[in-house]
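Two complexes follow with chain A in common, the first pairing it with chain B and the second with chain C.
Here is the complex of A and B:
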């Protein structure tokens, strides 16, 4: 594996996301959040730490996930459309390295978003004298990064199967519906025939249960919940790794034989 | 006997699926030897770009075999010795010319220090010496093409493959490019390029391959073609050859 090639390609994705100013929308959202919080303090609305935590984590999760989905789903189609892929793949690099570089770049952009939000979150907390449950918060961030890695690899895979708009839509729907999909599948199971149940079982395993990576509720109500044990974090890391590997291999199989 | 730099043996390339396939390249064979400059000419859709893309590994031959430096075409090791200029390529508009060459040079395995030394000289050679810190979104088509040539020569490859060499270049750009190619040729590099500019081909090449409807219809040295075409020139010779081939097929 040519790690320098992966680094260079990842750096290009990161540079693109910064220079094309797409991430600035997130900066704007983060600043708006801070402004709301500061104005709440201005009006003397104190004691809203749980509300503050909840809003911050929701905005952080949703905005970053959407940014990662859009970035991931657009990477390959945009390279093909603009024909920038030709001089790149004319170099002595493997398509796997190219794909891994792209994925790494998208993830780094997502992590950069998180870092920005974390800064805003901490700044707001200090301003409002809100206690930050650091262990819960960092565990939440770690799991969100895993979730983003799953969503990003799925975005890459879908962008090789369907057009960009469809890939973004499907990925976004999966992300948004993940909160209710597992409950919905359980409820529907009782009403299904044999074939329907097999389909539901397939969907349960094929679609990652993204709610497992959402610790926002626990972080909001940190006083009532202990942090996750290391074994749980390890299991979730393995669970995420399986999906990331499966989607990445799927994307690679399609991309390796793709005619350019 | 030494291995040819490019060896294409009975390759065919088809597009499309489920019975609606179009044969873009039909059982062609040719070789390009070390130090040769070979022009690849043909009408639009004749199969030039398809052949070149197959040599680069962007397309896959449905039959036959293509080798570059004795290695299967399209593998990273064969590409490590190629400088490639695509037919139409845009370069990342959010990057500067220097950054782009750092990226491509880095991907070709050049060390950072060497890149820092080489980039100003390469940009100077293609007439972009003053433009290294300008974002590429401000580059004209001709400047993009010059940058394309710069990225193809940055890693000092042994073989140059140019698809539509002079596309988008103004007369000064063509002159610069011609001098550059003559310098490369003088150093023993191998050059294989497609072009619609037959005067350019005549001025630069040792040999010409003419492709029509996916088949090589002529493979001859420039001196032979010049003698054969006489006063009418390569352009008229090419037109006559295409008409003759059409008539034979009908």
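Here is the complex of A and C:
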């Protein structure tokens, strides 16, 4: 594995994402929304931490996921359309390294997006005298990065199977509907016959349950709930790794088959 | 380069156009234009909702407010998602107040805002994390099922660990309701016709600042001049203030006016009982029927205690024609006789 090549490609993706300014626009729009909501007067009461946390984490998660989905789904088609992939692959870089570099770059862009939000969140918390439950908050960020990695690799895979717009749409739907779909599967199970139940079990394991990477509710109500145990974080990391590996291998197989 | 410049020019043009057009659209938008879903007359609703803005954003606004209302229930349970069981929508306005008091007493917040000119700059960062185990609702199913009812194996286990979850057989973890207040603000901004947001919200706000609660109700009445329950909520809150000293006759006058207006509006809106029980007819619910019942009762009681007993008797006779089973009204009528 040529780690220098991976770093180089990742750096290029990160620079490109910064140069295109899409992320800034998203962060700016999200922060403006946050500022409008939080500047509302809530009956003169101050120090209402749960509402602030809830809105901030939701906006943060949505915006970053959307930025990562768009970035990931566009990477390969754009390289192919602009033919910028040819000089890159003419170098001694394997396709796996190329793909890994792209994934790393996309995730770094997502982490940068999170970092920008975190900075604003912390500033806002200090200004509003709101307590930050750091352990919960950092665990939530870690799980969100795992979730972004799943979504990004899925974006790569789908962008090689369908067109870019479809890939973005499918990933966005999967992300937005993750909480609803998980609850729907659970609640439908009791009403299904034998075959229907087998289908639900298949869907439960086939689709990544992205809601498992959302610790925002416990972070909002952190005063009542302890942080996650290390064993739970480890299990979630393994669970995410399986999907990341599967999607990555799938994308790699399709990418290798692609005639350039 | 030329292509890039064109794209940039188009983008700037679009931004400028958007900025210019926003005030134009805003002039045509009225947040009170839309009448949302629950318990409202279908014909009136469809007439008011004819505008394109209402069609585009109306249902979304109503649904958003409903979702925020569910959110308030989760906040009271430390984030645990139970199947709806509080049934606030089935409580009358008066019972809502009792439920709020009961909840806060449980979590050790049984103080009321006594001072009418209370400071508005409360700081609740340190005192709103009280938690209390409430056994009354134990057994209410959670949305995430317990292990023995969950087919998902380790995914179900992770789900129960990551989300706020508690065994349904255990007592509920109730928390202080202060943190709900922003949601009442946002839900009524989103849908200014969300009557329940105003009635329940005003009870919660009144615990911290009665002036604020009364301002909130004023806003609710402005946005919903025909919603008799909001007038009742104001009547009950002012009644509580009056009961503390029993001296402010101006305040009592306002209480009587609120219950009078609530009774008048409610009677005018109540479906004709000749077509069946009103609470079973479209556009009217059990909680509206209960509220109207207590508005009439309160009006008569206030008139008897602080006004003209003869007029109270006449009112009791009048309202008994609407609610022939009301024993309180019957008692007042016969006692005066």
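Just so it is clear, the second predicted complex is superposed on the first by the 235 of 260 C-alpha atoms of A that agree within 3 Å, B and C clash if a C-alpha of one lies under 4 Å from a C-alpha of the other, contacts with A are read in each partner's own complex, and residues count from 1 in each chain.
Keep this in mind: contacts are C-beta pairs under 8 Å (C-beta built on N, C-alpha and C of every residue); 3 or more make two chains touch, one makes a residue touch a chain.
Since we're looking at a predicted model, the values are computed, not measured.
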item	value
Which of chain B and chain C A:131 touches, first, second, both or neither	second
Between chain B and chain C, more extensive residue contact with chain A	C
Partner chain in contact with A:228 - chain B first, chain C second, else both or neither	second
Touching partner for A:218 - first (chain B), second (chain C), both, neither	second
Partner chain(s) touched by A:90 [first = chain B, second = chain C, both, neither]	first
First, second, both or neither for A:49, with chain B first and chain C second	second
Contacting residues of chain A [partner chain C, same complex]	37, 40-51, 129-131, 143, 182-183, 185-187, 189, 197, 200-201, 204-205, 209, 211-215, 217-218, 220-221, 223-225, 228-229, 232, 235-236, 239
Chain C residues within the chain A interface of the complex	75, 78-79, 120-126, 128-129, 131, 143-145, 150-152, 154-156, 158-159, 161-164, 173, 175, 178-179, 181-183, 185-186, 189, 205, 208-209, 212, 216
Residues on chain B engaged by chain A in the complex (per definition of touch)	15, 53, 56-60, 76-77, 79-80, 82, 84-86, 88-92, 94-95, 99, 103-104, 106-109, 148, 151-152
Interfacial residue positions of chain A with respect to chain B in the complex	4-5, 8-9, 12, 15-16, 19-20, 82-84, 86-94, 257, 259-260
